[in-house]
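There are two complexes below, and they share chain A, which is joined by chain B in the first and by chain C in the second.
Moving on to the complex of A and B:
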């Protein structure tokens, strides 16, 4: 062990210098960004507590994988179909539940998400159960390879294989962020905000509160589906365990980190979160791997508690835009 | 004139027409929408798992459930009676197709699981009703209790009964400590619902993964005899299962009676109705809140030990009970101890009966669907009084 590379804490920062580390962090952070943009739309701008986002992500990823591997649909065609299927599920979850009080809505959407995950685990004929589904990404790999050869022709002698996915996920994430940010400035966006602030007042102005909330939830489910595609492409398979409620809870942590009612903060929150979460793997403490992974979640929990206690609007949120109350 | 009045209609954009359509959709009676949602869910489940037993039984079961939902939606009175009738008819249908033995065997298992749900639910419902705290960390209190019993009775070699008491005491202590450190200060600051919910999720992570940090992810047992059974009219009842059911019922009925008739119970209900009013009328609210946590914590600990004794211990143990416990709370009506008891038992039985029809892997999903349906149809619970939803 060279003292130069090891700090007294026992943390080696070598990994942070490698491009591979940052690409890995970047792909997941981009996926989380898209995922949490849906939560931002729901929680930050509409005031509905959607705790079922991981379920929507599961529907999107599984629909794509099943369409490609079972039905032989072209990968690119399967994406819009999978988004449409997920939006139908958003509608099914939203139609009966959006009238509920906020805390009940949180429980109902969480239960819906778990019901979806348990179905993917048990409907083995359709989803292959806990084995998961492989081999849906050949068309994407072709694109990835042509981007790589393009990079080589530009002069990057040995491009990282993860780079094309990294590039695409962030282009999509930034486009979606920009789109949602623009949308928030339209009359439609202002109605959502009015609903969040005072639903009765918005109703009194003749706005159909329920329809707007439903649209918000269905749009969030579509964002969940897109996040699901990137999760699946990064892993190269889909398995039920990737869609545990923990994913949604992490999404909320990112949302709060970046700040409520701030679309651009989502990406920042996702990058901060994923850098720390991945970086903790390189802690060189005399503990087992299970303990390291436990430590990451303990830290996540402490960050959530601390933020809620001392800075509920998050790092970049505005205090006056806080929608945490009743 | 005519052209003028027609103009606005043709001026409307497609988006506005969609809003209008959605608006009309939401004006339909609640029952129709909810019913449609349920039918859709059933169809999806049936499509996904074409293994559902076809024929008259399925049709009859779906019909009785939809009839029950319609009755609950359309009538305001006697929801418990409707639920009772639905359960009896369900029992009858299952009896016809699966025989008494299978139905009572699964029923007993369901009641035993239901007792665990109910023990968890009583604490959650009291905290929810009195402090308006939706505690997502309640499930992990169960896990904590189970591991405390493991420490006392397996690591230290004390008798299991001592281990159970130790687990209950430690979990109650954790409940009180968290109240003092987290919940009371947050209430004084006037924190909102999302703040409490996310804080409890953070707390859930801390408890669950602290347990994983210390005890690892391997499965552990409390060394309880899970093989010997008692024969009761041909139904085999596991010894542990029977003890869980009996002890759980005794404690819950005792607590229910205590809450109904003792001064503490009356004070708790006063706090649950209006905390500030209770305070101004001279009730020492912080004392009552402390007792609430003692009950919630110790029952969560006991439920955790029971859950660990009938299955195995792992750090996710309690989290897997969280949604069923929420379901029992909602079924029973927030803040109602007897409701939580009935809700827990009802849920346990329905979930276990479902294994007669669909693969047992689905039984948790069935529980969640019950929860969603109840939230939609009757958020104040089958046994609860009408309150704001």
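Moving on to the complex of A and C:
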């Protein structure tokens, strides 16, 4: 028949031509962007190794879901409250651990993240355990529908249902990227970079290193919470399994792809990552579904290794900085 | 005897009030007292040298009085205010600024950013200032930028203004760190071997600049130095440390002829490599003996 089917492996490019595919990729990539902006702030610009970002995302998503479904709080009102709750958690994690050496901090934040996930799994009265929580997004659906009817009124006859979420996640992601990029250029951002370079030098010049690191971590936790909202809205439920440390590791992969210490690279890294990750699903291979998902991680690893070898600064990082950092 | 006289002279006869005083400062590492009951004063507006053999505890003493190490005993005051127990950033903000023996250039920041960072009173360094007082932040930034340019000019770093500090040579880093410390508007500057690795011409310029800062702005200096020519010709007072404690304190000519200092440090004639290694060996064997005799007491 067609030549493609004669080959043992082939790619059906049909999927790449569909808007639905790109919207699906786009929503997740936007979520990852917001998530990894927090990591960029911590790792790329402050030099603190936050391996607990998935935990902060869980606090944000669960707080929102519980506030809406259990406490009857309005969805929109639940968002700032959930962000505040997550920031308090950021503070609680940071206060004892930010005085530790960076490698200990990485372990402490990872442990905190797992503790949070295991709590969501086991505190069943509050979180419904592995069943998860549904039905927190009716107010968002209303907004989504009014955006759809708006789109119809301007001439898009049959808008994709995912389009409003896609639009909102990217507006938020780009605004946050812009805000952080601006903030990095202020004297405040300069102090963060000084801490990344040499904490003792900054302290000797009168900078309260601990206070700045705490601010950095708490801001990152807020970004984690916002990413958590979009994750929940996309899935339409929250379950503990979504908040495995894998999510944080993917965030780090995105940082490396886009380049350390570059906020705009985060979005590009997230889009590339998610395109490859989803695109691999359409590789026609004589293997099972499970093997395909394992293969996705293997290929991702290979891409990262290749990047380390040929472009260690990532797509948008600065080579000079990479060399000087050693 | 002569060193006791020098000590008496140092604390008693000095007519200028001390800007800094340390008494019985102790710092232990395991069983070793790296700083062992060190007592000294620094006269306001003086250029005081801190000398002593390798391992005498000079750098450790700096680390203790600037808050980087927690003291195991003693007191220290700057302008009458307690410093031990305060965190380094507060001590720096009091006006007591130090440099490091092993330079700490902020490698992936430009030379200019290294300088601007050090300037105090920048409202844009707090998030509230960034949001509420962007104008004041920009104004302060312009103010300190011109001061930074002047200082970079003094130390021949102008050409490197926009380069990453990590690309600088060892001597250039030393100069950058010194200019950066000056940006912090210190009233008391503690320099740990500022001349090490700097070429003689720039070294002289550095010394001239210290003199000028002292006479124009009233900055007080305490600097650790191994080059005896510099110490003898450019300091008003010399404090000598050995085995963690202060063994002498006086004017340069008094120190030069102090038998205790000669035994512990200057012995062997010229203070170059050979003399240092021999003098470093001598106090260490004394030190071990000292601890053995101390234990029964």
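Note that the second predicted complex is superposed on the first by the 301 of 326 C-alpha atoms of A that agree within 3 Å, B and C clash if a C-alpha of one lies under 4 Å from a C-alpha of the other, contacts with A are read in each partner's own complex, and residues count from 1 in each chain.
We take it that a residue touches a chain if its C-beta (ideal position, glycine included) is under 8 Å from a C-beta of that chain, and two chains touch if they have at least 3 such contacts.
Predicted, not measured: the structure shown is a model, and the values here were computed from it.
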Would you check which partner chain A:74 touches, where first means chain B only, second means chain C only, and both and neither mean what they say?
neither
Please work out whether A:187 is in contact with chain B alone, chain C alone, both, or neither, and reply first, second, both or neither.
second
On the A-aligned overlay, A:297 touches which partner chain: chain B = first, chain C = second, or both, or neither?
first
Applying the touch criterion given at the start, work out whether A:18 contacts chain B, chain C, both or neither, answering first, second, both or neither.
neither
Which one hits more chain A residues, chain B or chain C?
B
Which superposed partner A:149 touches (first chain B, second chain C, both, neither)
neither
Between chain B and chain C, whom does A:198 touch in the aligned arrangement: first, second, both, or neither?
second
Touching A:312, do we find chain B (first), chain C (second), both, or neither?
first
From the superposed pair, tell me which chain A residues show up as contacts to chain B and also as contacts to chain C.
208, 324-325
Contacting residues of chain C [partner chain A, same complex]:
66, 68, 87-90, 92-93, 97-100, 104-109, 113, 116-118, 120, 122, 124-127, 129-130, 137, 141, 164, 166-167, 180-181, 184
Which residues of chain A touch chain B in the complex?
43, 49, 92, 95-97, 99-104, 106-108, 110-112, 114-115, 118-119, 121-123, 125-126, 208, 210-212, 214, 249, 252, 256, 288, 290-291, 293-298, 300-305, 307-309, 312, 322-326
Complex contact set, residues of chain B against chain A:
19, 22-23, 26, 33-34, 37, 40-41, 44-45, 48-50, 134, 182, 185-186, 190-195, 197-199, 201-206, 208-210, 212-213, 216-217, 323, 326-327, 330, 359, 361-362, 364-365, 368-369, 371-372, 375-376, 379, 388-389
Counting only contacts in the complex, chain A reaches chain C at residues 183, 186-188, 190-191, 193-194, 196-198, 200-209, 215, 261, 320-321, 324-325
